[in-house]
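There are two complexes below, and they share subunit A, which is joined by subunit B in the first and by subunit C in the second.
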Partner chain A sequence: MKTLMLKLEPIIWGLFSGGMMVGGILLPVFVLVVGLGGGFGAVDGQALGYDRIQALATHPIGSLLLLAAMALPLWGGAHHLRHLWIDLGGLKSDGLVGALCYGVALVGSLVAILAVFRLHG
Partner chain B sequence: MSQETKTFVVTRFDPDKDEVPKTQSYEIPVEGDWKILDALNYIKDEVDPTLSHRWSCRMAVCGSCGMNVNGEPKLTCKDPVSNYGDTVEVAPLSNFPVVRDLVVELEGFMEKFKAVKPWIVVAKERAVEEGTTRQSPDELADFKQFSMCINCMLCYAACPVVSNEPDFIGPAALALGHRYNQDTRDEGAPERNEIFRDEGGVFSCSFANECSEVCPKKVNPAGAIQQAKLRNVLDWAASFVVKRGGKES
Partner chain C sequence: MSTSTPRVDSMKPATPGPTRTAPPRPPDKFPSAGRYPAYLAFGACGAFLMISALVLIGAVWAVGNGEAAWNDYRELLSHPVFLVYHVAAFIGLTWFTLRLFRLFPATQPYRIGPLKRPADAVMVAGLYGLFFTVLAVGTLFLGGALL
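Right after this comes the complex of A and B.
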């Protein structure tokens, strides 16, 4: 497990840094615009109508962004938790904890892919 | 010059006599412009010649005077006594075996340095007749800061990963390896990246950033390591597109 994780480390770190980017920068802006902007009238309610959002979400680029917004932060969180565990002195059980963290992120990502696919259905 | 007294609580350890380190207090007069190292030298010269500590240049260049001052890794020849209250604790750097009193063992540290091949690696040595190698100011700027390290090891004392993972190559050595990877004259990146990706390499770093906080030369090892991670990700991605020649070296 440990060697596999070592081998995959560049991908995992890539997903992690992507997740930190999305979770730290894009999502707050997204929440601000969609969640608060609409409610406070700063963004035209029409612009956030069901049909438009549906069209946005089923556009290939929109779908990809949606998938990134859901899946990447999971990897960010998983990687963070694993390293927190190591920093707290859990190096011995790193294999197990790492597999658990990334496993959850993987399952979550698959669910996200499924969800995005169903939008197109 | 103003004069006052301060108490220095110094960690003492004699491997022949002591099982565990103990502390000893010295109350001494200090001058206003003294550094912590001046106080230690005063203690050794005037009060207790048995005290052992390492130093040489006294101008933040040689990197030998690193110690924990009030629990924080400091270059003692640069750290003003006036920054501290009446009592100052001086201990050896954390995360290193102690040889005696404030002197730590450097052996393992040196091995880690060698592991990253901190020299210019080229497939074929350049002949003198070929003239100088040109490098633009921008290319130099890509690694200059990372080459300012004086090997004082404060970053190893500060790093939480070093304390947890004895095999972690560590901030200074990884930053130095990255420095050579960034150098346009160097061709050793494929070899170094394999070491970087291996156990104890760049991906063991959890970016606590403590190394960059304590670095007296503003080398920013944490920044270097994150850059190295990114380079490894791109390298890994590129390896699907082009087969690399670095493997069989």
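Right after this comes the complex of A and C.
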């Protein structure tokens, strides 16, 4: 098991660091335009209309960007929250918190893949 | 000059027993002093990464369910809870990313592949430029001002 984890380490760290970079660069755009612009009604209704958003999301580049922006930040965020918990509360409940954080990241990633596949179905 | 035999095992305990290691404890004045609050806030921004990714998954799922579901989702975004969250998330994610990029040079080796690493200021300026360019172009594009 230890050998397997050592072999997987570059992939795992890739998920964490990729999550920080991709999430930090792409998610603010989504939050600003869809979350704030759409929520406050500041963005033109046609720009966020179903036909345009569906066309963007089903474009190969759009699907790839969406998949990256959905799945990777879950891993980066899970890693940060787990270590925040260790910093504040020690290692006593790390097994539970780590499993919870990475469990959400794993399930969320699978749902993200499914969500993108559904767009093309 | 001393003629005594050197004691190379001077740290060896006289009798076998468990290693006397002090239990781990937080640094002095943790978490309120110095850079600790910023360090913890940086870690807490992981929540914005996770929640915003889940909100985005909800958006893509709604698009997959058809026009009515997408319109319902957009309606949901105008709820005060979502508005407050998105204001906090935008501020938090922007601060998180800029701090990550400011600290980035400290993680890089002396040489990056065959090249000598650029100056720290050049790396930080490039990453800041990338962030603001993607934010501006992405906002204009997704908001319908471009194309």
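Going forward, the second predicted complex is superposed on the first by the 89 of 121 C-alpha atoms of A that agree within 3 Å, B and C clash if a C-alpha of one lies under 4 Å from a C-alpha of the other, contacts with A are read in each partner's own complex, and residues count from 1 in each chain.
Note that a residue touches a chain if its C-beta (ideal position, glycine included) is under 8 Å from a C-beta of that chain, and two chains touch if they have at least 3 such contacts.
Model, not experiment: these values are computed from the prediction.
Of the two partner chains, subunit B and subunit C are each touched by A:Asp87. Applying the stated contact rule after C-alpha superposition, one finds that A:Gly108 touches subunit C and leaves subunit B untouched. In the overlay built on the shared chain, the residue A:Gly77 is in contact with subunit C alone; subunit B does not reach it. Of the two partner chains placed by superposition, only subunit B is touched by A:Leu6; subunit C is not. In the superposition on chain A, A:Tyr50 makes contact with subunit C only, while subunit B stays out of contact range.
Counting the residues of subunit A touched by each of subunit B and subunit C gives the higher count for C. Of the two partner chains placed around the shared chain by superposition, subunit B is the only one that A:Gly14 touches, whereas subunit C remains out of contact.
Residue contacts after overlaying the shared chain place A:Val97 against neither subunit B nor subunit C. Residues 83-84, 87 of subunit A touch subunit B in one complex and subunit C in the other.
Contact residues on subunit A toward subunit C in their complex (touch as defined above): 19-21, 23-41, 43-44, 46-48, 50, 52-54, 56-57, 66, 69-71, 73-74, 76-81, 83-84, 87-88, 90, 104-105, 108, 111-112, 115-116, 118-119, 121.
Residues of subunit B touching subunit A in their complex: 160-161, 164-165, 197-199, 203, 206, 208, 229-230, 232-233, 235-237. On the side of subunit C, the complex with subunit A involves touching residues 24, 26, 31, 40, 42-57, 59-61, 63-64, 66-67, 70-71, 74, 77-79, 82-83, 85-87, 89-90, 93-94, 96-97, 100, 130-131, 134-135, 138-139, 142-145. Touching subunit B in their complex are the following residues of subunit A: 2, 6, 9-11, 13-14, 17, 83-84, 86-87, 89, 91.
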